[in-house]
Amino acid sequence: MMNGKQYIDSLKARKPRVYYLGERLRDPYSHPAIIPHMRTAAVTYDLAMEDRHAEIMTATSHLTGEKVSRFTHLFWSVDDLIKKIEMLRLIGRETGTCFQRCVGLDGINAIWSVTYEIDRAKGTEYHAKFRKYLERLQKEDLMSAGAMTDVKGDRSLPPWQQPDPDMYVRIVERRPDGIVIRGAKTHITGAVNSHEILVMPTLGLPPEGADYAVVCAVPIDAPGLTLVFGRQTNDERKEEEGMFDCGTSFGVVGGESTLLFEDVFVPSERVFMAGEGEFAGSLVDRFSSWHRANYGGCKAGNADILLGATALLTEIHGTIKNSIVKDKLTEIVHLVETIYASAVGSSALGTKLPAGNWMVDPLLANTVKQNVTRFLYQVGRLAHDLGGGILSTLPSDADFRNGEIGGLLTKYFAGKEGFPTEEKRKLCRYIENMTSVATLVEALHGAGSPQAQRIVMLRQANLPEKTRMAKKVIGIGKE
Amino acid sequence: MMNGKQYIDSLKARKPRVYYLGERLRDPYSHPAIIPHMRTAAVTYDLAMEDRHAEIMTATSHLTGEKVSRFTHLFWSVDDLIKKIEMLRLIGRETGTCFQRCVGLDGINAIWSVTYEIDRAKGTEYHAKFRKYLERLQKEDLMSAGAMTDVKGDRSLPPWQQPDPDMYVRIVERRPDGIVIRGAKTHITGAVNSHEILVMPTLGLPPEGADYAVVCAVPIDAPGLTLVFGRQTNDERKEEEGMFDCGTSFGVVGGESTLLFEDVFVPSERVFMAGEGEFAGSLVDRFSSWHRANYGGCKAGNADILLGATALLTEIHGTIKNSIVKDKLTEIVHLVETIYASAVGSSALGTKLPAGNWMVDPLLANTVKQNVTRFLYQVGRLAHDLGGGILSTLPSDADFRNGEIGGLLTKYFAGKEGFPTEEKRKLCRYIENMTSVATLVEALHGAGSPQAQRIVMLRQANLPEKTRMAKKVIGIGKE
Amino acid sequence: MMNGKQYIDSLKARKPRVYYLGERLRDPYSHPAIIPHMRTAAVTYDLAMEDRHAEIMTATSHLTGEKVSRFTHLFWSVDDLIKKIEMLRLIGRETGTCFQRCVGLDGINAIWSVTYEIDRAKGTEYHAKFRKYLERLQKEDLMSAGAMTDVKGDRSLPPWQQPDPDMYVRIVERRPDGIVIRGAKTHITGAVNSHEILVMPTLGLPPEGADYAVVCAVPIDAPGLTLVFGRQTNDERKEEEGMFDCGTSFGVVGGESTLLFEDVFVPSERVFMAGEGEFAGSLVDRFSSWHRANYGGCKAGNADILLGATALLTEIHGTIKNSIVKDKLTEIVHLVETIYASAVGSSALGTKLPAGNWMVDPLLANTVKQNVTRFLYQVGRLAHDLGGGILSTLPSDADFRNGEIGGLLTKYFAGKEGFPTEEKRKLCRYIENMTSVATLVEALHGAGSPQAQRIVMLRQANLPEKTRMAKKVIGIGKE
Amino acid sequence: MMNGKQYIDSLKARKPRVYYLGERLRDPYSHPAIIPHMRTAAVTYDLAMEDRHAEIMTATSHLTGEKVSRFTHLFWSVDDLIKKIEMLRLIGRETGTCFQRCVGLDGINAIWSVTYEIDRAKGTEYHAKFRKYLERLQKEDLMSAGAMTDVKGDRSLPPWQQPDPDMYVRIVERRPDGIVIRGAKTHITGAVNSHEILVMPTLGLPPEGADYAVVCAVPIDAPGLTLVFGRQTNDERKEEEGMFDCGTSFGVVGGESTLLFEDVFVPSERVFMAGEGEFAGSLVDRFSSWHRANYGGCKAGNADILLGATALLTEIHGTIKNSIVKDKLTEIVHLVETIYASAVGSSALGTKLPAGNWMVDPLLANTVKQNVTRFLYQVGRLAHDLGGGILSTLPSDADFRNGEIGGLLTKYFAGKEGFPTEEKRKLCRYIENMTSVATLVEALHGAGSPQAQRIVMLRQANLPEKTRMAKKVIGIGKE
């Protein structure tokens, strides 16, 4: 297992093609826009080194018997599922933002289980190949990004009916030694600072969409792969002296990129699905169920920091003793613990998949994410309410550093005695950035948009069975 | 263990003093107002007889090694906590209403753990006495009601400062062989059809309130105890032919009573706290945490039936294929599964108490109940929305049975072909009654009012720790 | 103009055929189920007699120049529209419940405007006939019920494709001197104690549905008309001594009936549409826009009483000084004033119709009702929250009157010193009944179900125009 | 009256001391950070020139009989109050953002009415001085900023008990010819591009706070006045080529500044309150009531553009035909029209003040703003939901302009055929920026924080009167 520094060094050995703000980044891992995200992911490595977190952050591989990072570990029990949620909350608290690495974790679990089933049904050998790949991932403690979301073009049309057939990543050539893929994946969290990209389809596919049913692993610096680092709220502040107005040195959200695959060749040993579209739906459902439950862990951890920051800010404002203020802080607690409790609940009722790893309860997992899409807006609003108009109008750090007016600004933006103005400002900036559009939209659409969860919920709810039970209780009809 | 019939017979052997609608009920267990509630509680006995439910409905007593109803079983593990939630959902689905018996279950767990701690601290012998009492409860499979809520008088004053000192149940006399208690407990679920009443204080008590710190067990027909069966929404419909307009033969809510203790003597072996007010707070907190988590089980089960009924009604209305209608049904699913997931989550993170039984996570358990106080109103509104104005204006069953107009009414209240009007009416009546004030208020105030949960949440949230974490992440101050 | 007593006497001169709880009411206007609603409607007559309310309660007829009740007055100006809202809030406060009479008021305005347009388009003479009819209504100060909602059968089918063609009221025979109608109208507010029934279609109708396009006025005791008085929450309490547990002597909701038209003959001078289905949509839209705005008046008035009752109850509980309690009372204020403000706003932006009377802004009027369907549930929940569990479990008045236990109950249900227990009970009963299913469902579905409002809103919102404006502001495309 | 160009020229003749991002702006009116806001305010001038908007945008001065901009016009009638709301919605639609100028408008109305009352009570001559000042404002068509919010320091302490007495603007010297003021005002909308600053106190003041009771007018370039232009979400994008990623050329929010008054001398003729603290509360209440109602106009106009942009984006995504998508668009409509309807309603029930101008209904006006603080977050969330993850991760415009990858990005971010990718991107950027923290916080705290409205609501609600009415209806107590 690597520590944070080793992780960063390992990245620097790679040479991906990355663009940002109209330019190719010659050295992405030294660029101020990328560093905060890399620094955040590094925390997942450093914490795994600490003894006091060992039970949460590490596990014993069932493949090799070695101690591995929990981020490369398959879920072998309910306990693993619950520990994952606890790990996510822990790191969420240590970083106060998205640490990106859980996407790959859910990805390997999804691929593990689905390749097993494909092989069993079709006599393919995907599972053995993936096992080998996974062993290397565990051993080298690599970070993998999960690349699922396609750009989708006209959403009223399926992939194969789009005017441009490339709107979903697809196999454009099948060779004896591998496949060639083309298309783009977007909103890919942590991609730039991952070692590996796990390409997965974004929806179930009928036979006519077989070319879109592709699962494979691509190194970050594979020829033909270009990453365009997305623009984020206030991203240019990262390039300012001291990054003071960013509020956090860890970056907001997960450093999402768009990945352009310009006929990328993937050798056979890295291909784990290539046309078996009837299994794509299962892969998406499982991945997304695990991933949706996660949001009750990481977002709760992030919200803990937001809550702490907001509480401290009200102390500085001199308002924290007001009953209504305390009640609003309590409401944040309530919302946050609801998503956490549900995430744990969906894990506690997990079931074993044929391949041996464990699945969260999909119905419950989807409620977690659905609530996240609502509650984080409410949490944001409460933080804004308690934080005040200053969240919107605070002068820049540069103004506070200005020799002519800095002193006056420091005087006038003071709060309760004993708290430096600088701390008040920093809290405001943290709240501002962690409730920005980038953050809120990530909470809303990450791991699937609200409507995607509702589709699963309705399917999983088994209305006919509930109707049958109702008829029995009420005493009508033949059951 | 008893079955439902045996349970009912065992009640009939008792002669409690019960009033209802201004009259003393000579034979309460044959009265139409009481029967539905007794019938519901009987389901908790009958289901325990069924093999397919044995794992959920029964357990092995740690006291005696015997198989006992889970309703008399201490929580000896996380698994017991989760199974309890599953049991509550199961029975919630089988009855579609409150089955009352979980109050006593949480009561015995609270008394078990607190008597242990009192004895350890003060050298008393409550725990041994309670163990003996509990063994009998298990062996005879008795139903116990938990009587916690006092009438409270002027809530701005503590018990001992009330103009009338009886506004909270108190010890008015201490004798060598026992105590004499006076006062009233109100909103007591299932009391009339319980064998035993577990009296518990409603709040923590300082030394000046020592007389109010009383825990004891009183038989339902103890001299000096009078039960006044509360009025419920539409209660008189229970006395109508066929109870058609009740919608359910199981009664809505839990048949709550007010209990008047007119200097009731309780012999020593049935007294488990008598003045140790410093332990009263723990007892209340534990009882209420367990009990608040329950609502994610039983109310989810009830809501399953409400959902099934509503879905079937939309089918009869011919509206179920509408996307918006389906989305509203999905919203019910979402709300219901959120409370269930959280209840399981609060159980999965349980911890062991000194006396050996297990405690749910109190912070998470309180979020469950807080959400119930909100979500069930939303569920009710959605059911009303989909059910239509007919929920408010449907003519009585007697009109449908009337020779002159019954035929016309049946003609005009028909829905989609193939569904008898009678089924449509019955569904409407079920929804009407299960979303009535009695039901909603029970969801709101049962196991503690919303503000009670918020007080616990704020206390459990540990804001100073969250502030410390925020300072670390944001990089301000000395941690 | 009549006063309340004269109104009641005028009803007693009529002999409608009314059923309730399975029996024909020989003397409906002396029946305890009917009296409360009749008594409420009488307030609309009595208040019009009071000088201090003259400006609000009365108006000068544009037809005759006489002073008339505002309930028979056409809306001749924005001021009339606003005064209507003020009148509704006033009476809502004086009665604390639905006073029924606004349905007829909106009905006559709708018929006035649409008959004018039919005549202009088709050369018919409906408008002149209706003018004559309306003059009589004004002169005799009659109360008219608006009967719009059909029973609808299978809602996925239009009227003319229902297996039973009678599921919407229709013309079954056209005679030289009138028409014969058949079918049923349901949820008809105030019908039993109205003098006249205004029959109106429930939806727009294409040519194939022409027989369903019928507007006419039917006397309450017309041969062939049967009224079945709907069952309401707790309706049997009205027959109890003193009606104490009803909480109000005015009845909850509007005393809704189902009207069975068994081939009722309507003479020509009372027929105002008979086949002109292309005008039915306008009639429904106008009626419902006016009527939806009303809910911001009457429900605000009712909620004022609910608020006052709840505030007083918290005073008796001793909780009113708590900041959180005050904040919850404030939330009720906020919700109530929002619907009132919007109702006034939709009136203030009214526009003149071709027939001379004034139309509310339909988009704004629909938002009023949409909010009512949400806010009243929230108001109910807040009242429940502040009122406490007693709303669900309070013993009956008969128990309090019982010689053996009444004294004890009075002792134990006391609140703050100085407030009689009886007042506390009465407040609880009022809150209980005014937040019952009957009331909530009426707020939800009265004047049209939530989805009906959304259909109008989307149609009225003119999205293409908003898209055009957005393109201009954002600077894209050709506008 | 000036047109937009004349307005901008008039600003350029002034030389205020403005800082931004750590530097003094030598020529603020040519700086890219300031221009968008100035450009927006200019629209208020240009629209007033258009004949078709004359009735809305202009009025006849009651002081001079001249035609003036409605932004310098006193509210002389209910019609003026309603026209103001209509004007705000109109300009809100033309700019899609905050146009700043309404603060001064409400300020002059507040000062007009309060100076009248001070003079009447105390024999001062403020009103005549203000009349003269206002005549000049009307004649020269000047833009005035309202500067009310102080920096407040420790909010648990009143101004005169703050450790630093300057935390609220105060009079530090009274001279025969004027006063000297010191302190800071913050969140001041449109200040940099206003001609005049209207200084007003932020709260009611008892005698010991008399020095804080100061109302006066200060020219933007008065000696001793420094403006620090606040940092906004994504503000640096304004300095990018083409401002593409700003989404709008009009700026988001109102260009708020912090104003530092370093012993600014204000001559007597510009002083309108100097110590009469007993009138400060009225001034604040009136100003804020008018101003809170405004938000139902301008924010509705802005939201119209957001709605149009979102609807168009769903068309490009190919999702607009989905029922659920349409329902979400409808929900935006509903929320927006609710605040508009309420704003009109609060205006329609306006009353005349002693000084002759008209006051909105304060209770209703406060509900408008309270809803804005909630609804705009909901609108934002709906726009995010429909817009998709692209709102958070879209690459920069510079990337799209890059020769190597721009073509590919344009290919992959295409939507439905026929819509240029550029339009899709621009829509995303508009939505992103108009739902940013800067915007949301402005909606939340502008014109007063949520709790400020609740305080007014509870005071205005007259609970004792409602309790009295409830007692009458319910029949308890002596009224």
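Things to note:
A, B, C and D are the chain letters, set down in written order, and residue numbers restart from 1 in every chain.
The criterion applied here is as follows: a residue touches a chain if its C-beta (ideal position, glycine included) is under 8 Å from a C-beta of that chain, and two chains touch if they have at least 3 such contacts.
It should be emphasised that the depicted structure is a prediction, and the values quoted were computed from it without experimental measurement.
Looking at subunit B and subunit D, the chains in contact with each of them are A, C.
Think of it this way: of B-C, B-D or A-C, only one pair shares over half of the A-D contact pairs by residue number, and it is B-C.
Centroids of subunit B and subunit C (each the mean of its C-alpha atoms) stand 38 Å apart. With centres defined as mean CA coordinates, subunit D is found 40 Å away from subunit C. For subunit C, residues touching at least two other chains, in rising order: 324, 327. Within the complex formed with subunit D, the residues of subunit C that make contact are 82, 93-96, 247-250, 304-309, 311-312, 315, 326-327, 329-330, 333-334, 337-338, 340-349, 361, 363-364, 367-368, 370-371, 422-423, 426-427, 430, 454, 457-458, 461, 463, 465-471, 473-477. The residues of subunit A lying in touch with subunit C in their complex are 322-324, 327. Contact residues on subunit D toward subunit A in their complex (touch as defined above): 19-24, 149, 151, 153-157, 163-164, 166-167, 183-184, 186-187, 226, 228-234, 236-237, 245, 253, 256-258, 260, 262, 317-319, 321, 324, 373-374, 377-378, 380-381, 384-385, 387-399, 401-402, 404-405, 408-409, 411-417, 432, 435-438, 440-442, 444-446, 449-451.
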